[in-house]
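Input: structures, listed below.
Each of the next two complexes has subunit A plus one more chain, namely subunit B in the first and subunit C in the second.
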Partner chain A sequence: MRIHRWYKKKKKNDNQQKDNINPEVDDSLESLIKQMKVSNDFIYFKNDQSPQPIHLYYFMSLVDSEIIHRDILPYLNRESLTSLQKLKQELPIENIEITSDVNKIEQKVLRGSIIIQLDKSSTEVALIRAELNKAREVSLPEVEFSVVGPKESFVESLDTNLNLIRKRLPIPELQIAEYSVGKLSKTRVAVVSIEGITNEENVNTVKQRIQAIEFDTINDSSYIVQLITDNKNSPFPQLIDTERPDRIASVLAEGKVAILVDGAPHGILGPTTFIEFFSAFEDYFLNWITASFFRLIRLFAVIFSILITPIYVAVLTYHYELIPKDLVSILVISRREIPLPPILEAIFLEIAIELLREAGARLPTKVGQTIGIVGGIVIGTASVEAGLTSNVLLIIVALAALASFTTPVYKMGNTIRLIRFPFLIFAHFWGLLGVAICFCFTITHLLKLTSLGRPFLEPIFPPRISDLKDAVIRLPFNFQAKRPIQLQTEDTMRFKQNKAKDKREIDE
Partner chain B sequence: MKAMQRKVNERYMITASLVFFLIHSMQIGIGILSYQQDIVKSAGNDSWIAVIFAGLIVHIIIWMMYKILKNGKGDLITIHYDLFGKWLGGIFSLIWIIYYWAIGLVVIRSYLEVVQVWMFPDISIWQFSLIFLSLVYYLLIGGFRVVTGICFLGVVIPAYLLLTLIFPIEFTEFRNLLPIWNHSLKDISLATKDMTLSYLGLSTLLMFYPYLKNPERSQKWAHGGNLLTMLLYAGLMILSIAYFGQGYLSRIIWPTLTMWKIVELPFVERFEYVGISSWALIILPNICLSFWAASRGVRQLLRFSQRKALIGMLLMTWIIIYFLQERQQIEMLSSYVSMTGFYLIVIYLPLLFVFSYLRLLRR
Partner chain C sequence: MKRILLLIVICLLGVLSACVQKQILDDVQLVTAIGYELTNENELKATAVTPIYKPDKTIISDIFTETGPLSKEIRKQLNMQSSRPFVSGKIEIGLYSKDLAQKGMLDLLDTFYRDPAVGSRAYLAIVDGNMQSLLEKQYGQQDNGIYLSHMFEQNIDTGSLPRTNLNQFLSAYYSQGIDPFIPIVKQENGQVKLDGHALFRGDKMVGELSAKNMFIFKVLMDKYTKQDSTAVKLTETNQREGEYVSVLKIRAKRVYKIENTTEVPKITINVKIEGNVEEYSEGQQIDKKIIKTAQKSMQSQVKKQADDMISMFQELRIDPIGIGGQVRSRQRNWDENHWLDVYPNADINVDVQVSLTETGIVE
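== the complex of A and B ==
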């Protein structure tokens, strides 16, 4: 409790501090320029050739020199240029701002605008946008790859990403609210929603939480996820991040809120449910029967991946009687020469797999693959031959690892691999009972979670049967006319449901 | 000092239909593993009739409870306060609170006993109960919504255990049930009385009633929950009599567990290990709901922090569990609590019902 209070006090102090990093600088344009001139990439340039001398200031590293050379400089030599208003008419660039607000000038110039000043002593300047936009080309989705369907994914530029979404939803109701987050990074964060569909409360929750963020640099959308998520002490992700614009467009239409962050190739979606983490977007490209089958497989894979090693440990430590006669001989043969108790055997192999995965993820792709294969085969076989682990466990652990990779959302896959370890420890102490207790802990935790204030375990609890249409199995599209209750949308119908539901008579 | 809460914030309320699971999960617990023995001793092959009678009696009690709660507008504690005043009402409330708490204690200790007998003879009781009670604490600080959640999942997830009842069917002899009604009314009513004990968990309804959205509409769900319990008990009773025969059945302590011994799957033998482990999820709602009701009662009665009351109760439970080592002690405690429950629900509640009606009429 005391720590909590102390923490609160500290927070208050932080708030009192001024946002300005260097409080000594006073607020005049002159001192701003003086401060910026210290950097070598800040250019000051006086155009003497023109009839009226013009002062130009900009950051070389932020502006597109082509815009300056092609669209600005040629027009500055004209004679008619006597005031900033005239300049605004002359230049072939829209949205030229004339202001004397120093804060605004500072903001704009740091985002790649050019300052034009006619008279060195005047405080009024014109700001011309000329920022350099360097971003990766839109490329294939790598994390959420799909065999069929669209193959574009987000890049690190917010404008490109918004363009990818707007192209898919060309409606005026698609609203984008932009915020600047981060004391140092001033990252642009966009909250995207559809007016008339998305629940206002959800949008406001997101907006409030984003505005309340106190942080210095936001380098990726995952920073935002961690800062606005409901329960920060949970290993379970409560907001989905996706790199697919088609997924974002589709769930926006369903009534969710999306968050995009400049500099991040991932969008964030909320509110979401636990089940949604196991639905790949590809499910909507396939026929509903196939899609449902794969979803079931994935769900089974998750349960299998979490429980199989703990069950192995539990059974071999305490409940030998549980295994049928024919199976027990196989286990006995494979474990005959192993000196370690099942828990150590299991932890050894689990950690080996984690190491391989971690090494594979850190190394460059080509090397990573080699490490994965070589490590898997060599270490696996060697440890079996050396008598450190049993064959059966090797199969089980490898299958469990494989199963954990079927989760379409990467962060959820990580969580699943993590929660195996408490299960293992419980299994070691109380056998199957321990597994059950740990399971109870897990579902209690899941019951307590919320995503943007909406229940996380929905549609399982609170049970909402109509939302099951797109949960464990995905029913055909004509069953999906209603938006999920979970999202409490303002317009609950996605499209008009086909009323002709009566069965066709045979041969009529 | 907090005020007595008569209305609950709507944010914490639950849908009426979930009462089905609250009632049902509270009734099915540790009792269903062993209820057959006592009933069969007095009613023999007619036990299933007693099961149905008891279920019908409980239906009437549910109806009464709803009448009391509707008249009283609030939970049991506020009704006591309104009807009997601060002191007398307080004493009645205290008895109920202790009863709720004792249910939780008995359930967790009896479950531990099953675990000791069937799975781990030398499990460390204090370690295990520490972990289990911290699970209960973790769950209860989530509030009533989470408790309801666990009641729901505690019914839905272990439902797969019903499938295991297919295995004994192969070895049943349904002629064991004949002749029907060969016991005297006295025998049957004695069995009915014993059987009522297995249904008693539903009394927590008196505490969570203010948490229901549209409480009027929830009544049919409460009856539905009880109906399912009745069908389960009756079905299992018929199956047990057909499988064991009444003579043998009256001599086994845990017939349901014994039946599991016959289950054999290609990858699992001795299914009772799996069953007992899964049972943790079935008794968890029992324990949570009763501790919730007790701590909520303390909060309402003494206007004390529910969280602190809960910590106190769990600590007390932990200490008592540690000292309850003998089977006789556990049996004794269990039968005391059951008898208290019987008197409170079958005798006291109808009186309360009459009293609240008289009060209403006078007004």
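== the complex of A and C ==
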């Protein structure tokens, strides 16, 4: 096996790399302050008016000046403060910490606390929280919009997001474990679960993986998804990200684990299944019959979107016998003038659609819409008239693109757009046999995937009949009394099924 | 190890892709119908019908003719005339001249069912008259192969053509106790028309069934003739001499009664026919009397025609409606040779019951 020796990555001996960025700084408070003073937004001033001189240090860019002016400075002037203990009693702010731990001081001041020192030489300081919370207002969900149902979505502030969840689950069992991830960004990452429902194993997997993350800056929840996902080389997302607090609250109650990241307007959910990526949260707001119908439509759309262009290419290249006799003339007439073989024709159109989508996504909303319309109509018609693509294929590709947008989870939509291309290439090389082979590869890959260690294709494989109640078809709520088997929850019942079944009349 | 395997698979994908023959739809010459006949030198003459797709989206059919000893040899010759290779995958109908059918046509059908591209549901037809002039004429909006195929389809679904195609022919050919038949088409007044059936013993055409017997043939053979109609001449009463009623929406059921299966069998075919009267040559007044007369007349007419037809089959020693198969299904030790011996002398009776249930929406 010499060939793949070059694959193997060299083991790097960088384990001894230091956590500290600047090794010259020693661990004293004095040197910390000296280091920070280099930044112009670090403020130091000595309050001379008070009987006892007080030293204040803080980052102007991190603290809320309102709190300083209103809640701190007036009290510092009023009384004679002899000790930090007294300061703690005087100030109308809770949770004032008195410490001499330099690491803690550094951490806190970088998160927006104010250092108060009575004596410049003493190592003991008081830390007062005064961070500036500049976050977007809670607004409408844009990615997972729903016509009915709650219209709030996460924002970039972890505390707001946690508040949105806690409001929906006011129980003490809702547990939040917070971690700081990222060597530079020190991003707060919260693992949310419900004690007594969520399987400890799942929670521990998440916690362990988050603690093991080695990375410098975590700017979004997607970073965490990529870093903790089971198979990093799979095009399929194995954790759902959602911007809806109601969705998080509902799946927490089902027994899943949620991860929230400070600075990210999306929460992460796991363990999840393949089918769950095709269920919109709106399905639960609709009557079960309508919801099931829409789910089936979505499932059909996915299969259609992946397979229709490859089948077109395969049939036109190899299997003209399969075309019904009345369709032959339509296909031949539409392809009569086209010089390209079906595969090039298909790839040309698919790439045109991808370009339109990419351009639409990058441009500002107003221009993006125009690009979509102009691109769709003008380029489509023009390429047909120029004889580069056939009418039939234009319809097929447009429908396939439309169908790929029906997936409620954006990342899964992207995957579907991507895996169409290998299917196309296989279809071109080996016809329908190639499509079948490619399908086998995809299914095998999906079978091997796991989400936080739980099988990804469940309830289809391993077959769990009772989990099918909320998979392709969503049965009514009184059938949903059991939590999914896949999650191996500690409390398996969501509610008492018998009680939910009786209809109470007024006179009872 | 797994990566190497994947690498190999990807390499093979590229390398082996040339091993698969590409047949891009618009780069092949589709053949929708092919006609075979014998030349004077006893060679095969094939006429291939291909659609030509014109820029104004109309379709016309074009024919290519070539002679040769074998049908695939002819294909080679045809390719020499054409800008695109001829492919057989869309052949909807195969036509054979009468003299060819009389000589035996299994060797010609062999190339059909050996070819995986040809569907086993392709239709077969015997051409009465000139093959080339039949295939040359433009019949409908489509090319002639599709036109003929639609014509057959339509007549099987709604008319008096029993289900028939390549698969049915071969199944009848290879089964015991049933003989194959193929519809006959001929050109008449510039239109192509179904004109009875060619009856086969083995793969040789031995007889013909005229067009007016097609209705009885289907009644005796196939499940339903729902949208078919037949004209019944009123008899058995002097007053109504020369009057006709038309019977529509016919449903036919058959029950076989077979006695004495080992010796010369006595076979009774009970045929139940239901239908509606929707036309009467003497105008509106269709009363119960007329219906009764019509029922009786139809019974006797169908019975007579059916009896005549079956005795003709017995004379020709053929069995296209599969009476032998019915006997075989009721008998443990069925011997084909014995059956063939006794069949011409078997006592076969057709018992017809007609009930005319409706007379349309006018009383």
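We adopt the following convention: the second predicted complex is superposed on the first by the 481 of 508 C-alpha atoms of A that agree within 3 Å, B and C clash if a C-alpha of one lies under 4 Å from a C-alpha of the other, contacts with A are read in each partner's own complex, and residues count from 1 in each chain.
Note that a contact is a pair of C-beta atoms (placed from the backbone, for glycine too) under 8 Å apart; a residue touches a chain by one contact, two chains touch by 3 or more.
Predicted model, so just to flag it, every value in this text is computed and none were measured.
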| item | value |
| --- | --- |
| Which of subunit B and subunit C A:I323 touches, first, second, both or neither | both |
| Which of subunit B and subunit C A:V143 touches, first, second, both or neither | neither |
| Touching partner for A:L331 - first (subunit B), second (subunit C), both, neither | second |
| Touching partner for A:P342 - first (subunit B), second (subunit C), both, neither | second |
| Touched partner set for A:G431, first subunit B, second subunit C, both or neither | both |
| Touching partner for A:I213 - first (subunit B), second (subunit C), both, neither | neither |
| Touched partner set for A:I176, first subunit B, second subunit C, both or neither | neither |
| Overlap of the subunit B and subunit C footprints on subunit A, listed as residue numbers | 318, 321, 323, 325, 430-431 |
| Complex contact set, residues of subunit A against subunit B | 318-319, 321-325, 327, 430-433, 435-437, 439-441, 443-445, 447-448, 457, 460-463 |
| Subunit A contact footprint on subunit C (complex, rising order) | 1, 3-4, 13-14, 17, 20-26, 28, 30, 32, 51, 53, 55, 57, 59, 87, 89-90, 92, 117, 119, 142, 146, 149 |
| Subunit C contact footprint on subunit A (complex, rising order) | 1, 3-4, 7, 315-318, 320-321, 323, 325-326, 328-329, 331-333, 335-336, 338, 341-342, 426, 428-431 |
| Sites on subunit B touched by subunit A in the complex | 14-15, 18, 115, 119-120, 123, 128, 131-132, 135, 138-139, 142, 145-146, 148-150, 152-153, 156-157, 264-270, 273-274, 276-278, 280-281, 284 |
